[in-house]
Amino acid sequence: MPVKTVYNTAIESVSILDEHGNFDAKLGKGLIPDKDVVKLYEHMCVCRHLDEVAFKLQRSGRMGTYPENRGQEATSLGAAYVLKPQDWLVTCYRENAGLFWRGLPMESILLHWMGDERGNAIPAGLNVTPIAIPIGTQMLHATGLGWSMKYRGEDGVACTFFGDGATSEGDFHEAANFAANLDLPVIFFCQNNGWAISVPSRIQCSAPTLAQRGIAYGMDTIQVDGNDLFAVVYAMKAAVKRARTHHRPTFIEAVTYRLGDHTTADDARRYRDPAEVESWQHKDPILRLRAYLEGKKLWNGAKQEAIEAHAKETISAVVKRAEDIDAPSNVDFFDSMYVTMPADLRVQRDTMRTSSLGQNPAELQGAPQPAAAHVAR
Amino acid sequence: MPVKTVYNTAIESVSILDEHGNFDAKLGKGLIPDKDVVKLYEHMCVCRHLDEVAFKLQRSGRMGTYPENRGQEATSLGAAYVLKPQDWLVTCYRENAGLFWRGLPMESILLHWMGDERGNAIPAGLNVTPIAIPIGTQMLHATGLGWSMKYRGEDGVACTFFGDGATSEGDFHEAANFAANLDLPVIFFCQNNGWAISVPSRIQCSAPTLAQRGIAYGMDTIQVDGNDLFAVVYAMKAAVKRARTHHRPTFIEAVTYRLGDHTTADDARRYRDPAEVESWQHKDPILRLRAYLEGKKLWNGAKQEAIEAHAKETISAVVKRAEDIDAPSNVDFFDSMYVTMPADLRVQRDTMRTSSLGQNPAELQGAPQPAAAHVAR
Amino acid sequence: MANLTLVQAINLALIQEMEKDDRVLILGEDVGRNGGVFRVTEGLHQRFGDARVVDTPLAESGIIGTAIGLAMGGLRPVPEIQFEGFLGPAYDQITTHAARFRTRTRGTLTCPLTIRVPVGGGIHAPELHSDSPESIYAHTPGLKVVMPSSPYDAKGLLISAIRDPDPVIFFEPKRIYRAFREEVPEDEYTVPIGEARVVTEGEEMTMISWGASVIQCMNAIEASGRSIELVDLRTIYPLDIETIARSVRKTGRAVIVHEAPKTCGLGAEIATLIMEHCFLQLEAPVQRVTGFDTVMPYYKLELEYLPDETRIGRAIEETAAY
Amino acid sequence: MANLTLVQAINLALIQEMEKDDRVLILGEDVGRNGGVFRVTEGLHQRFGDARVVDTPLAESGIIGTAIGLAMGGLRPVPEIQFEGFLGPAYDQITTHAARFRTRTRGTLTCPLTIRVPVGGGIHAPELHSDSPESIYAHTPGLKVVMPSSPYDAKGLLISAIRDPDPVIFFEPKRIYRAFREEVPEDEYTVPIGEARVVTEGEEMTMISWGASVIQCMNAIEASGRSIELVDLRTIYPLDIETIARSVRKTGRAVIVHEAPKTCGLGAEIATLIMEHCFLQLEAPVQRVTGFDTVMPYYKLELEYLPDETRIGRAIEETAAY
């Protein structure tokens, strides 16, 4: 046989609760207990409120650039819901809902975007990494974290989040390839939200699906409706099981949409069709879950009011904590560089306000001390 | 339909002339005219001889590290045979046969491995790039070269060669992704020779085929028997047509084998099973083509003797040219850095033998000239 | 003449070079319809179309590596890297290939490309959006490195860079993208690569800086009330040591100001060159006012990190008093 | 005590640290069954098995990026990059992440990893196998950078590096991997990071070098017949300026020798620090004997590029005569 087929495969796409309220009872059965669905819904409401408040903080000059999460809450939340405490969640910057679900204090995220490294300190025992600013680099850390757990014989899993744009970076490829070839318990969770700032996802991947990236590595791969919490949980459960049991990675493409601008520094009207945005408004994961809960009589207007009041209260306390924190000391940025501060760095630190280049003038052999007048300036 | 198939695909593998002499008449028909097969065979014999001589030159201390090409001649030669002069061939370091077919002087390759940049000067009008030492980086240049031809409205194609190991580098991914998404006329030719130095190809790609790397980009992709000149030409013709006509890239995985050590600095016995090497000896593309030609009465012992004598003569003249070249001037390496040499660099160049750091001592304001005795040393 | 910001001057240079030479094309992330995140390429996509202003996949090594191929293929690509912090993934293609192809092939394959990169701190941006890696690239033979500090120089230097037959990294100090305007000729003109500019003449000491810090230096000099000669490098490599040495031979004292960390920053190279060229005229050690040897802090503290008037002023006084 | 080459000393240090601490693992290209292309990890795969000596895919960013994850996950990875020329693809992970995680997270996530990299010229290797990028990493806050010049120091420094809680780049001067042997204690010991070594004492001038060049310096000093104090840095960052300054205050003269290109090489930093610390004692400009500001030529000319006894000798005489 001179031409023979040596490989074939297919990509499947999963949707359980669609935007019209259809719920696939077979796939959805027992997936998430009702009381958890309620909790998850409430959590999404609180996260959405934080998102709105953060946006306003930026607009009123009380915070730097902020990337809205709006419309993408179901992805990271679904993943976090399935992960166990020993697992690692290695995110990008649009995963507030998942991070908060795992226990990251909400003010940490605000502090980060307020330009304060203290927002990146991770509470002990919480297996998350800080917001990743450089696109596409964090997946390798997840691969290494997954590897470290396998190395120690633990059954932990590392789940990493990234966007459609990030899959164009070489590091994505290397991370997936390491995980597949070294048999590592890693989940590659791609949030395909249609855009990388102004660049549409077809420029990142002109193939019919992003999910087929996984085929290159012989990795199990699946596409899900990323605005469908149930579908996300469904895919995550399979992926986590595969990772824990067989140390095999999975690629998940979650099809979702960035309802807001890329960040507050962006103006998406420059490059997006308003009709496209409009069409996705109806697919909002929060609307969808609320309708589902109401249909099951698990939710009503009073509960909605209550959660909104709760969200308001919670978030205003969070904002207060973030804003009331003492200003960092002006030498703060020296102190976590190394466990033991190198001598020259200590001199720079200790004299940064009294000497020009942070060098003790006394060190300049024979140099006269600057006149007092100048020091005082 | 909550689970639906959104994509499916298959990888095909092509073999036309197999190691047992079977020839697929249907696929092979009219692929390469007989007289060309003879020429290609003769060329492979000459290249093989150069390879053997180069190996000996290294062993006898007359050349630096050299990577044997032995066993892989059919891949680059088949590609070069299909390419037109306007096309670019962007190689790695095991593609002597293809480079020489296109017209690169054989002594260029020897000079390169003799540690002489003059071996990298490209004759005018010859669209090839020099040997690529850093693995996995040259595919991006092919992507750019293909793009430049499309930009100008020319119908040229860029064909780039790389190994199985190279497909693990992020740059491979970026090059393929750019070519696919920007619709560029590029052929990604992977020589899967089983090994990257001591690392077997399953560590680079644990998927059933390397060809499926192409699926990630929605790229046409095919596997061929890389020791089968006909199969290589078959795949290349399709790929070139696709590139010229539709500006679409193709991924070709050619399954071949590195019969020798990685380079003369390597000792493959440390990590390879001799039985594996032995099994591939029989698949040698030269043996196979000779048997084919003999079967068609296009070749015989006398012709073989003649080509061997010719090879010997040719290569000894090549070696002589490479070895007889004047030593490069000791400032040679300054002269091609920039079109216009920066002033400080000129000082370094002009004083490199007369001053310590290539700095004219007269430039050291007030510095006394070093005593004559020291200058003479 | 038009009164332009630095961003506008660069935009104008791009338009003029693209009009003049159809080998010039722009590629990068968000450079197309969006006009770049700083709007430097605003209007170009509309004007020159899809083929000449190209939004690429999000991959910096890919952008530079394909630009190298474009350049070897006879074009004059002007890739944009969105922020200097994202030069990292392209570092290998820049240093291993762009910088080496000419000498590697003895001039037969060359890389006339201009890599545009916003650089430096002071705009309250997130992490990795405020660094100053110029000395890394100055240490890479085969490149030219340029950093204007004014709209006039920006336009003239960018035109020189695009026309230069060798690879140029064109750093754009983002802090002053829109900080002030300057008269910029509408006609094309070039500012030569490799020539520093004496901004203000002076007798007591020489101050050397480049990019956005030049503005800080001007303010500090004015505040000091002293006669200080300010040299704006404009080109990082090849470095115009002649202009610097001429000044220091006259003044006997020098202060260098840059945002990058101190250790192995460009300040060290300049200080050493001054010592080599002006040893007997030097009356005080050359002072460096630089970023600290720490990671640039998040923006709450970035102004503590960046050399400011106070720190520069203190260096002036220390150097004068020495 | 055993009489070991530098390669053997490193191999011994790896074995001992792996025996002692099962968090230590090795990853890289060809480090497993093949024992590394320089045989530095020879025998380790056999001894410690697949899980602790791991051949990875051919991807340097992948090697360093996963090593960062391994380190954050509580292990002590010792990745190998096969040649310094292939640090390029890993540059971003090293500078953007390994160097920054501690300060980025205020110490909650850290990167105790040791990146082993053969470095430097002189072995007649192909392109990109002979470079000296130490100043690039010295300019990157958050890293430590080490380069031994002898078997004894190699073992002691490598043990310190592996135990160091911060990321260390451990450069191995490949030219002297097997050039000579030295008595090396079989027991474990450490050489502290951050301390230079005075190799020979002297009065007339100070010579500063590191890595393989130290051997060239020793020869040149001997040939000169002069009393020269030779300082072997051993650690590139943090730099032991105290030891250097103490010496130069005594001798008044200094020569720095390194293989890397001159512009923005580490020599510039050291020369500037000497000026800052010893200005009034300096009797001659600090001299640099370095690689040129060109790409390292292919091996036919590499010895023209590398500082040799003749060039160092000439600098000694020029400096003495000043």
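To keep things simple, chains are lettered A, B, C and D as they appear, and every chain counts its residues starting from 1.
The definition used in the following text is that a residue touches a chain if its C-beta (ideal position, glycine included) is under 8 Å from a C-beta of that chain, and two chains touch if they have at least 3 such contacts.
Given the structure is predicted, the values throughout are model-derived calculations rather than measurements.
K.L.:
Treat touching chains as neighbours and tell me the shortest step distance from chain C to chain D.
P.N.:
Graph distance in the chain contact network comes out at 1.
K.L.:
Which neighbours do chain B and chain D have in common?
P.N.:
Output, common partners of chain B and chain D: A, C.
K.L.:
If every chain is reduced to the average of its C-alpha atoms, which one ends up farthest from chain B?
P.N.:
Of all the other chains, the one whose centre lies farthest from chain B is A.
K.L.:
Quick check: how many Å separate the C-alpha centres of chain B and chain C?
P.N.:
38
K.L.:
Report the inter-chain centroid distance for chain A and chain C in whole angstrom, where each centroid is the mean of the CA atoms.
P.N.:
Chain A and chain C have C-alpha centres separated by 34 Å.
K.L.:
As a quick test, compute the distance in whole Å between the mean CA positions of chain A and chain B.
P.N.:
Their C-alpha centroids are separated by 42 Å.
K.L.:
Residues of chain A that touch two or more other chains: which are they?
P.N.:
Residues 117, 134, 168-171, 174, 177, 181-182, 203-204, 333, 337, 342, 344-345, 364, 367.
K.L.:
Of all residues in chain D, which are in touch with two or more distinct other chains?
P.N.:
56-57, 59, 61-62, 85, 88-89, 92, 96, 103-104, 127-128, 141-142, 237, 239, 263, 276, 279, 284-285, 288, 292-295
K.L.:
Looking only at which chains touch which, which shape fits best: line, ring, star, complete or other?
P.N.:
Chain contacts: complete, every pair touches.
K.L.:
Under the touch definition given earlier, write down the residues of chain D that touch chain C in their complex.
P.N.:
Touch list, chain D to chain C: 61, 85, 88-89, 91-92, 95-96, 99-100, 103-104, 127-128, 135-136, 138-139, 141-142, 237, 239, 260-261, 263-269, 271-272, 275-276, 279, 284-286, 288, 292-295.
K.L.:
Can you list the residues on chain D that touch chain B in the complex?
P.N.:
So the residues of chain D in touch with chain B come to 29-30, 32-35, 37, 55-62, 85-86, 88-89, 124-129, 255, 262-263, 284-285, 287-290, 292-295, 297-302, 304-305, 310-315, 317-318, 321-322.
K.L.:
Touching residues of chain A toward chain B in the complex: what are they?
P.N.:
The contact residues of chain A facing chain B are 2-16, 24, 26-27, 168-174, 177, 180-182, 202-209, 211-219, 223.
K.L.:
Going by the contact rule set out above, which residues of chain B touch chain D in the complex?
P.N.:
64-65, 112-117, 133-136, 165-166, 168-171, 196-199, 203-204, 265-266, 270-271, 327-328, 330-334, 337, 342, 344-345, 348-349, 352, 355-358, 361, 364, 367-368, 370-371, 374-375, 377
K.L.:
Quick one: in the complex, what on chain C touches chain B?
P.N.:
Those in contact with chain B are residues 25, 51, 54, 56-57, 59, 61-62, 64-75, 77, 89, 92-93, 96-97, 102-109, 141-142, 144, 165-166, 194, 237-239, 241-242, 245, 249, 276-281.
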